[in-house]
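Chain IDs A, B, C and D follow the sequence of writing; residue 1 opens each chain.
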Amino acid sequence: MRAVMAKTPRLELAAPAIPGTPLLELKGISKTFPGVKALDDVSFAVWPGEVHMLLGENGAGKSSLMKVLCGAYQADAGEYFHAGAPVEIRSPADARRLGIAVIFQEFSLVPYLDVAQNIFLGREFPSKIPGLVDRRRLYREAKAVLDRIGLDVDPRTKVHTLGVAQQQMVEIAKALSQDARILVMDEPTAALSDRETERLFEVMRQLQAKGVAIVYISHRMAEVFALGDRITVLRDGKLVGRALPGETTPDELVRMMVGRNVDMTYPRRFATEPGEVVLEVTGLCAKNGIADITLKLRAGEIVGLCGLVGSGRTEVARAIFGADEVTAGEIRLFGKPKTGGPDVAAFAGVGLIPESRKTEGLALIRTVSDNLAVAGLPKLFPNMMFSPGKARRSAEELIKRLRIATPSPNQSVAVLSGGNQQKVVIGKWLAAGTRLFIFDEPTRGIDVGAKSEIFALIDQLVADGAAVLMISSEQAEIVHVCDRAYVMRAKRIVGELGRADLSEENIVRMGMHDE
Amino acid sequence: MLKLTKMLATALPAALLSTAALADGETIAVFTKNQTNPYFQTVRVGADVAAKSLGAKVVHYIPTKPDSIPEQLSQIEDVIVKKPSAIVFVPVDYKAMVPGVEQINDAKIPVVNVTDRSAGGKFLAFVGADDYSLGLETARYLLKTMGGKGNVVILEGVKGSLTNIDRVRGFNDAIKEFKDVKLLASQPGNYQRLQGLQVMENLMQSHPQIDGVLAANDAMAIGAIEALDGANRKAQVIGINGTKEAVDAIKSGKLLASGDYNGFVQGCIGTMVAIRALRNEAIVGEVVLKPTVVNASNYKPYDVPLDARTCPTWEEAAAMATKTPTKTN
Amino acid sequence: MSDQALSSAPARLRIPAVPGVAVALAGLAVLFSALSPGFLTAGNLSNILVQSVILLLLALPMTLIIMTEGLDLSMGAVLTLASLVLALIVVSTQSLVLGLAGALGVGLAFGLVNGWLVSVLSIPPFVATLGTMGAAQGLALIVSDGQSVVGIPRFIRQVYSGEVAGIPTPILIGAGFYALFHVLLYHTRFGTYICALGGNRDALTLAGVKWKRLLIAAYMLGGAMAGVAALLMTARMNSGHPTAAIGMEFDAIAAVALGGTSFEKGNGWIFGTLMGVLTVGVLRNGLNLLAVPSSVQVACIGALVIFALFLDGMRSHKS
Amino acid sequence: MSVAGDISTGAPRLHLSQDMQQLLYRLLAAGLLCVALSIATDAFFTTNNILNVLRQASLLFFLASGLTLVILTGGLDLSVGANIGLSACLAATVIKATGSPVLGTLTGLTAGCAVGICNGLMVAKLRIPSFIATYGMLWVLHGITYYYMAGETIHGFPPGFRQIGSGYFLGIPIPVYLMVGFLVAGTLFAQRTVWGQQIYAIGANPVAARLTGIPVDRRLILVYAFSGAMAGVASIVFLARLNSAEGDIGEAMTLPAIAAVLIGGASLFGGVGSVFGTFVGALILTLVLNGMNLLAVNASWQPLVTGVIVIFAVWLDMVGRRRS
């Protein structure tokens, strides 16, 4: 099959690439929202048994296309063909009938229903007694699906007790359980550990072999080239190109996505000489499980905190910031011992940029300037009197300085792209005069274009004498950006890597669980 | 949490005492409508005083939600479990409480009906006042003082309550007797002070000249007076119940008069009847207290703190009797 | 938070850890049995059950409505109105069926309006039902002109005071509806969707479920149960009264919350509601038996509610 | 992704100019009411009656303004009515005992504030849902008050003190001045102080607020304390107006107060609302009552009318929101 495809010329548009009609084909799809043209005459086709990579920056139209595919949105214009025959997709039910299943990034799970109920939500099995649900069958079938993806949880477990990764796997199980012919995945590996990711890829290969078509959205170039059979790139709601992995390069794809040249090298100049010690943690233990954490951080340094997902990195960050209760050990900030909650830490000049921006970093229903001001309030208005004018001015200044793309400071922050939202979170700490920044997965869910901007920003911070503690699952980031890195395993720090021996191999070896 | 412990601290000893008390002498369970209306406090104190004088024990049952029908029904059911010697009963609603009374009858617990005449059930006796003639007399007193002419408004009590229906009927009949008296409006104040005040304020907006106010209870009357003062307007106001604050208002000349419902005496006699019945002494079948209009000339006897008052002797009580006992067993 | 979430130990269900309401119920039972001889008698226990039924009938649907992140403040008033309508119909037609039909009709109608306001006009449930509460109260006064409705035929009385096989009818009715709601919540699609309505509406939309109808259905269920409760209430009072059940919705909400159902994320528990209702019933009954002053009773109820929720808070905070 | 497009989960807090639009929609509702009433009865549109309405609205507003802050944080305070009862009775006792209105007033305010702090501690520290914590508090307060008052009333206060409630200055009732004062103060506090901004932030997203270094617990305790204190203020004005205290005064005021806040455009999900909006809400409710008395509407119809108008006002507000 590969062989055949390899012949197909790049950027050819209409004609089918391989013998046989596409499993699903969308022609000239358009979708407009008040003010925005989310999809503009996009054509898109998937063939059985292929992994079709869908690329594009946030807001390029990927998710809109997904929602059109699964019937959550109705396209304003365009035709659908299923196995060559024209069809309608007006509702999720239609999509399901066509065998289309979607794995969303924001979970579509119900916290207080159990795993089985979630997997078969809306498709419960009727029991012999009319009106009732056949629970025995429900759990039997659920167990089967879970086994298929090798997720070892009791189908009677309430979903809210599961970790994010496990929830992600349940999402996948949910989609698989529909015996989908077409499976759409939106960054499914974002929250997965390496092992789980492997497991997922395995499952995908099995499906492929069964002739299932997979539409795969990702920001990770590695995945694109490892999995993709075919690549489609969107920008600003338009189709900007199709490509085959064998015949393109990451840089080329990035250019298509961003529409300009972006250097993917991490802009880091290790000029700054480490200054005085900013953070000194000794023998720190906390309620959240971390034990005996000892680390040191100097002004003008970027120090990585790496390890597998679940090794306790976020917990360390939260403990230092005072969000989780400390049970033993000492934290010294700028030479002075620090106790108390986030308010103390924040006032002392520590800023946390949490992993889940939307739920922990921003007040989505408030405006950009509100969000930019909120951390700096005590600093900006020492006499406790708030002045909208002053707040607005400082907001405008930050928007300029951080190049936050927003029509106005009074824009609701919810509508900004991931990258710009991240900048707002950073900006709120700048306004607070923060000197120690703790980044938790700073580039998660941020598109390529914005990534390098964020790193440039981080570099600027340290250049200006701030200190940065950075958590990341992407070893490449750690390696390229950090001066030093601590590696964690099972809630403890298992080693420190200096500039010299800071390599992906070392990180993985140190962080790997020995079973 | 502190509050919890504090509450229990006060509650449990009291409770234990009361259960202990069941051992000696008779226990009279006294049911009243709510904890908030001062009138029922006078009934309760009356009962307490009478019981003390006769060496019996009184336990009070009051709905935690004012005038709650389901709650009083539940309380009856609970009390029946405890089998008190006798019950003195003020029904929250004279119709809706009938099933409760029947349960008491089935449990063979002697019960005296006080204040509102129950629409059903067997009672040793009824002790109350005649709301109608009370309303009538008090209204007449006001209208006479007004020289039989002028504009008046009525502040009604809670719609559907027996007391309110009869009192307002009394008011209206009195007004009919004076053809030069004009009834401007009859609006509900639900026996509430604030509502009495606000309704009066609003009525004053639409009626430039109001000479008399007939309020179905004292709280509303006082509220109305405040409204009048606030607007620097004068009008003669009457209330009903003869509560302490009403008496004070009469003393200070703000309130013209208050029809005396005399809950204290009702409590006394009701309890006396219950206890005497238990002791197989002669009782009366019905006492309907004559309406007295408390005013500047006769308020003295009412100007005494409740617990300092004394119940009428049985002879005095018997003299007020309007019916001989209907045999119940 | 991924690190944390992942590290959270294998599935922990919320039931096993002893909920506050169970502690409160058990504690009170022991306390009262010790203090009051009359408490632990068959007669009194059935007495407690009978008294709790009407509240239970409201608390059951209230649980579902709260699980949809909603609230129904109109229930008490609707019960009252339904009770009056039932009384009026029965008095004039002497027919229980017609009367019950009328009561259910009233309930369903108000449920429909509530549901429509909440799901279609998306008016916050608190306000929407606050408004309909006023409407129902008003109508109650209008149809009855503020008077009690009497002359209820005997057979209605029987509904409350009757017995089947030595068990008081109200207990049977209560048990029946409890079972019904248990099945409804845990063994039908509707129950699953109720939980999802509060937990994640998008999930329903994506699953192709028309959730607005379900939301309306939930409120109509509440109205219907108010109608059923109206029958018992009328039978109990042997009359209809325009203020009979005012404020009962808050007792119901308190009982539901007491039972450990949360106002968020569709986290509800029907058995908890049963315990919540019984706890309130036991407390009131016990305090009456002990002849605790009414004012102190009031305070105890408040303290109990806080106490039970405090325990739950501690528990959920630990896990 | 709000595929479901569920508006009820708190419409976005809009910036000032749009907030203004919102207020206009609410004022429109109030305006419609006034026009309707002035047509219906000429007794309505008179200086006296306007002042009368304002004075009647003041009590409700005092209660609702404190409540607004609580609701801004996504909480609810059901105990305000019961709080009035207790604070008033305590204040009354002190005035009677010492003859000093000042001491009495202080007592009332302190009592109210203390109750508020208890609520705050329960919500912030014990993590009890505010709805339940304050509902329990409501019963506890009633209990204490009934126990303490034993069905008695305390009445007859010094004329000087009475001025607070029934006095006039330049022909305008004192309570109206107080109301305007608290309206300005409240608006300034919410819109123009760091604490006010933090309160909005907490309501909008408590988790983010905490991780942004806002001392959430302390702010929560603060707003409940405010709410309690405002109940104290209301209780004092109440005493001064009615010249007497009973256990159950204010009992009937809790729901109207909440209604006023919600009609004022606040969201129970927090982060949305304004003190001025609440003022309009209180005004609307009072106008309805006043109008029904002026037109001598039959008592039976009054709850019905109120209910319908509450729903209509909020619906109008939602429409306005969706517009912008």
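The rule is simple: a residue touches a chain if its C-beta (ideal position, glycine included) is under 8 Å from a C-beta of that chain, and two chains touch if they have at least 3 such contacts.
To keep track of the chains, here are their UniProt names: B = Sugar ABC transporter substrate-binding protein; C, D = ABC transporter permease.
Given the structure is predicted, the values throughout are model-derived calculations rather than measurements.
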| item | value |
| --- | --- |
| Pair of chains joined by more contacts [C-beta pairs], B-D or A-C | A-C |
| Where chain A and chain C are represented by their mean Cα positions, the distance between them in whole Å | 43 |
| Centroid distance [mean C-alpha coordinates] between chain B and chain A, Å | 71 |
| Length of the line joining the C-alpha centres of chain B and chain D, rounded to whole Å | 34 |
| Centre-to-centre distance between chain D and chain C (centres being mean Cα positions), rounded to whole Å | 29 |
| Overlap residues in chain D, where contacts from two or more other chains coincide | 1, 3, 139-140, 142-144, 146-147, 150, 299-300 |
| Contacts with two or more other chains, residues of chain A listed in rising order | 72, 104, 106, 354, 360 |
| Per-residue multi-chain contacts in chain C, two or more chains | 141, 145-146, 202, 204-206, 293-304, 306, 310 |
| Complete list of chain pairs which touch one another | A-C, A-D, B-C, B-D, C-D |
| Chain A partner contacts - residues on chain C that touch it in the complex | 1-8, 10-14, 183, 187-189, 192, 195-196, 198-200, 202-209, 265-268 |
| Contact footprint of chain B on chain D as seen in their complex | 41, 43-44, 46, 48-49, 52, 56, 139-140, 142-144, 146-147, 150-153, 155-156, 166, 173, 238, 241-244, 246-249, 252, 289-290, 293-294, 296, 299-300 |
| Contact set on chain C toward chain D in their complex | 117-118, 121-128, 130-139, 141-142, 145-146, 201-202, 204-206, 211, 250, 253-254, 257-258, 262-263, 293-306, 309-310, 313, 316-317 |
| Residues of chain C that touch chain B when the two form their complex | 35-36, 38, 41, 43-44, 47, 50-51, 54, 141, 144-148, 150, 157, 160-161, 233, 236-239, 241-245, 247-248, 284-285, 287-304, 306-307, 310 |
| For the chain B and chain D complex, residues of the former touching the latter | 3, 7, 10, 35-38, 40-41, 44, 64, 66, 156, 159, 185, 187-188, 192-194, 197-199, 201-203, 205-206, 219, 222-223, 226, 229-231, 243-245, 248 |
